[in-house]
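Naming follows writing order (A, B, C, D, E, F, G and H), and every chain is counted from residue 1.
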């Protein structure tokens, strides 16, 4: 029986969402997207003269993948900015999906709990399907659900750091307390082992960009993340062994040779 | 004459210009883009009627790679 | 170009060595071995009446896999015991490969550095190809190489604990200082993410048993480990991004809308 | 008569028995197994000549699953 | 020159704030407060018949210490509850200091960022000196400062867990980004080494209760925390050595005996 | 009742052993030794012309402290070198105490298990009281005890790194399995919180040098370590609270105001 | 008669009772305590004038140990 | 004449010199130091009798700070 990911009613086989920024060329981006086997790609909007060739080329490349688009509101610092950029996204990309980012600090680029919640509520009212980039704060997450979000995307660590799962306690708490909500770890992952562990913990999917785009060989890294995410998901479903503090032999101890009870 | 800020660049247009006029002046009437006027989203359907005032800001955005 | 593992002159595509103990049935063991895509399996010797049916059945099952056999000396507490058990293995299995275990403590089942080195030296003289189960102690590892071992198998953590890579500092040191020696992390791994990380650190392969055999679904877990090991290897070769302490945006900041320098 | 410890079990054999005799008595002359006499490996080729002494220990091992 | 802690204009020598709950007896509480050398104690308000003897006894004991009182709003789940309880505190204890707690979740007892900020703003307007129990979220912390708080009390980990400093990245970020704000690590500390580390990281003080009250010998533990907090503070001021990845001898290597360059 | 440390029949109040190298001046060393309240100092031997002024000055300074001397064999790479240097120490310092170092690797400066055990056995036979600088390997530690050592000094991490307690699993195992042996954590500690934690884990004492000598203010740091070591010891004896995974309120929940069961 | 909920206990008082009356009925007119009426803080100065209505809730809190 | 290596420095002494002679030549007959001859500890009591041979190595160590 297939193990599928459902987000806002759409069904996906892949649990890997990939960003399209920071690649050395559109061709490398395309190779990486293909190697990742992802079905959803993120992208953004920036001021450009629409006739700008570079922008057009990348956009054509992204379109050519045929993947589901998940536009973001990266860099927005207030609910108002994010709401307006989301509206612009909807018009351009003809999708009501939005990766909602409201940044609260210029240095750690963390989500602003306040602006994020305000924007999520308003966009939900306007018919958007909001996938908020949020912290691992359980209360914020619960309020985002109350505001109508059906998917949450808590950070692992700050964007672009590669520090992985910074606060496993909070992440485990989210998973335990929100067992039926699709939870996607977004941001901060730097290595496939980290993505694998997130999946072993029961997260539903992983979104990343820098760790692939900034690898020495991005497409190979994309494929590695894809395999590690699958592995982590399988392991979660297959039931990990329990950790023990004391050793326990694998090879049986019964019948160990050379141990004698000599006859008296 | 009116002066607006388009993507942080100052441009001048004839008095009475609309958003459509501004876009035409830029040679950008089609393609994947969207517009905000004075920081509020402006739907495509309103470009033709929407007059511009002196000092307006116009944001014109198009797709880029994103994370 | 293929990325192959060479151990004592033999070439392998898989970097996953799997144990054959602790499964609920021979069939489960066979399914797990198949799902793991391993090319080497470990097994042991214990006192048995050769007519014993259970032993025969498992042995036939293991033979039927056609995998390369790596017999162990599990449970031996002295060099002498291990040497004699190795000789018995060579006669039965017609192979001079031996996973050399000399246990120094009944509770943590750790390698005894002294007995291990003594046995490794003697077995090498007798023509064995010794793969020693050792600690992460660099000096011990260097002496095992001096004694003729061409492969080393440092522990991640005590056998059967699932605690993973207990001392990453020592493991990194081994990898850096012994760049050309095949190093296989053996024992203590409990989750695919841990195996993946070992491979990302540059280890050549992973050997485990309990984490697969004691999973709720062993064959699925075997496949998950296989994928995670491949992923970690690919990531190592693809060049992981560098970790950073401060955030860095993925979506470009140039052209961020709504930031205005108003005309004066 | 002589008494040996085979896999930690006491068994009795006629005086002058060899390792082969002990294995035959057990009905175990073939199959995948190996033998240690008094904790020293004894190659198959020596089973027939090797006499047993009273108090000898014989280990008979066969394959099991292992990690 | 004295190294003093200034909170809302009051100056303290001790950097240890101690709670008064969970002790086996008022006498044990008093011994612990004395051993801690603290100058500030926290306490709470609960429904009681004022004639209740137990409550009176503990309150008399707390009063007898002569310490500065820091009443809390523990257990409040909304800004409104916390504001009203703060008002009741001010009337009873004749102090405008309040440890502001607005709990957002019944299980992890974490601060609610939204209710906390709302209450902090209102209480500041009403003339309170608010010491908010908050998460390690930088944006929340900045907004609490904007609302008028002059001291912040981020959690180490959930109340009563003893898990210590759960998210060192976030805590370091707070310290770096808010260099002039008194920051008190509040909640989750279970061992003096954790308190010591918080102080080494540059935090200004530590507030705890369970780790002392639930120790086998509370007064001894209080003294241990006091010493560890002093040690951590001294170490912070004395300038910790930099960590290195590679070894470096302490005893000089020049003049090592037995190394010869034999004459030719 | 006093909590004293007994090493080879000598009784000490302090659980802090301090090294005398790497200070910017003899005066700074003396200040640090005084501030540390230590009763044992380590020192070494190097090739010198005995008339050398610098050496004489430092030696006079060390002598002037009146502390118990613990000479080391730092830098020795073989049992033979260490044994001969120990003999030279005994002659010069008129003590049969020796901090035995046999280094197995020039880069991580780790103990060589083989040379260390050989030297420890021989020196014990010659009447030395051997305090071996060893790894955290339980089997090595047991063999050192068998060879006659009555005190063990396992490393925290490589000398001079400040990385702290690198392998807590192994250190805990040592403490549990050798409950009656004085165990001194030696090397690698960089901060008082690390020393405090070692003591909380039940270690008997701490030996360090670099973290004090290389602090910006060595004497202040020495005092900080002394306090942290005392704190950790007290905490160990006072019985640390148990860690919990879930929160538990300190302030009582009974009598929480504003929770109503309204009459119907 | 009016019925109020005092610290989650139902008590009955004569019609027209004030908060002071309720406290006196309880025998709690002094000591370290504070009061909230219908979840709003009520300063001590207002106990005497503040009438109670049927169904009012009164919280009476006093110091306890706290963290 | 004989040549020895003292603390890795080559020095020449008259044939028949003892360790004492070498130390005297160095001006180091007292103070806190100890000696190894050819990598073996040489007790102070033997300095006077111990002859030196050509090519001997002599280590002279004194206290330094140590960790």
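Basically, contacts are C-beta pairs under 8 Å (C-beta built on N, C-alpha and C of every residue); 3 or more make two chains touch, one makes a residue touch a chain.
Small disclaimer: the values here were computed from a predicted structure and weren't measured.
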{"item": "Chain hops separating subunit H from subunit F, counting only touching neighbours", "value": "1"}
{"item": "Fewest hops from subunit D to subunit F - one hop per pair of touching chains", "value": "2"}
{"item": "Chain whose mean Cα position lies farthest from subunit A", "value": "H"}
{"item": "Higher-contact pair (C-beta pairs counted), C-D versus E-H", "value": "C-D"}
{"item": "Geometric centre distance via CA averages, subunit H-subunit C, whole Å", "value": "53"}
{"item": "Centroid spacing, where centroids are CA-atom means, of subunit G and subunit H in whole angstrom", "value": "96"}
{"item": "Cα-centroid distance, subunit D relative to subunit H, in whole angstrom", "value": "64"}
{"item": "Centre-of-Cα separation between subunit B and subunit A, whole angstrom", "value": "34"}
{"item": "Sites on subunit A at which at least two other chains make contact", "value": "19, 21-22, 44-48, 72, 74, 81, 84-85, 88, 107-108, 110, 159, 163, 209-210, 249-252, 255, 257-258"}
{"item": "Where subunit B touches two or more other chains at once, by residue number", "value": "7-8, 36, 39, 59, 61, 64-67"}
{"item": "Pairwise chain contacts under the document criterion", "value": "A-B, A-C, A-D, A-E, B-C, C-D, C-F, E-F, E-G, E-H, F-G, F-H"}
{"item": "Residues of subunit A touching subunit E in the complex", "value": "104-105, 107-108, 110-114, 117, 135, 137-140, 142-143, 157, 163, 166-167, 169-170, 173, 177"}
{"item": "Complex interface listing, subunit C residues touching subunit B", "value": "249-252, 255, 257-263"}
{"item": "Contact footprint of subunit D on subunit C as seen in their complex", "value": "19-23, 29, 42-52, 55-56, 58-59, 62, 71-72, 74, 80-81, 84-85, 87-89, 91-93, 159, 187, 208-210"}
{"item": "Residue ranges of subunit H touching subunit F (in the complex, touch as defined)", "value": "7-8, 26-28, 30-36, 39-41, 43-44, 59-67"}
{"item": "In the complex with subunit E, residue positions of subunit H that touch it", "value": "3, 5, 7-8, 10, 36, 39, 55, 57, 59, 61, 64-67"}
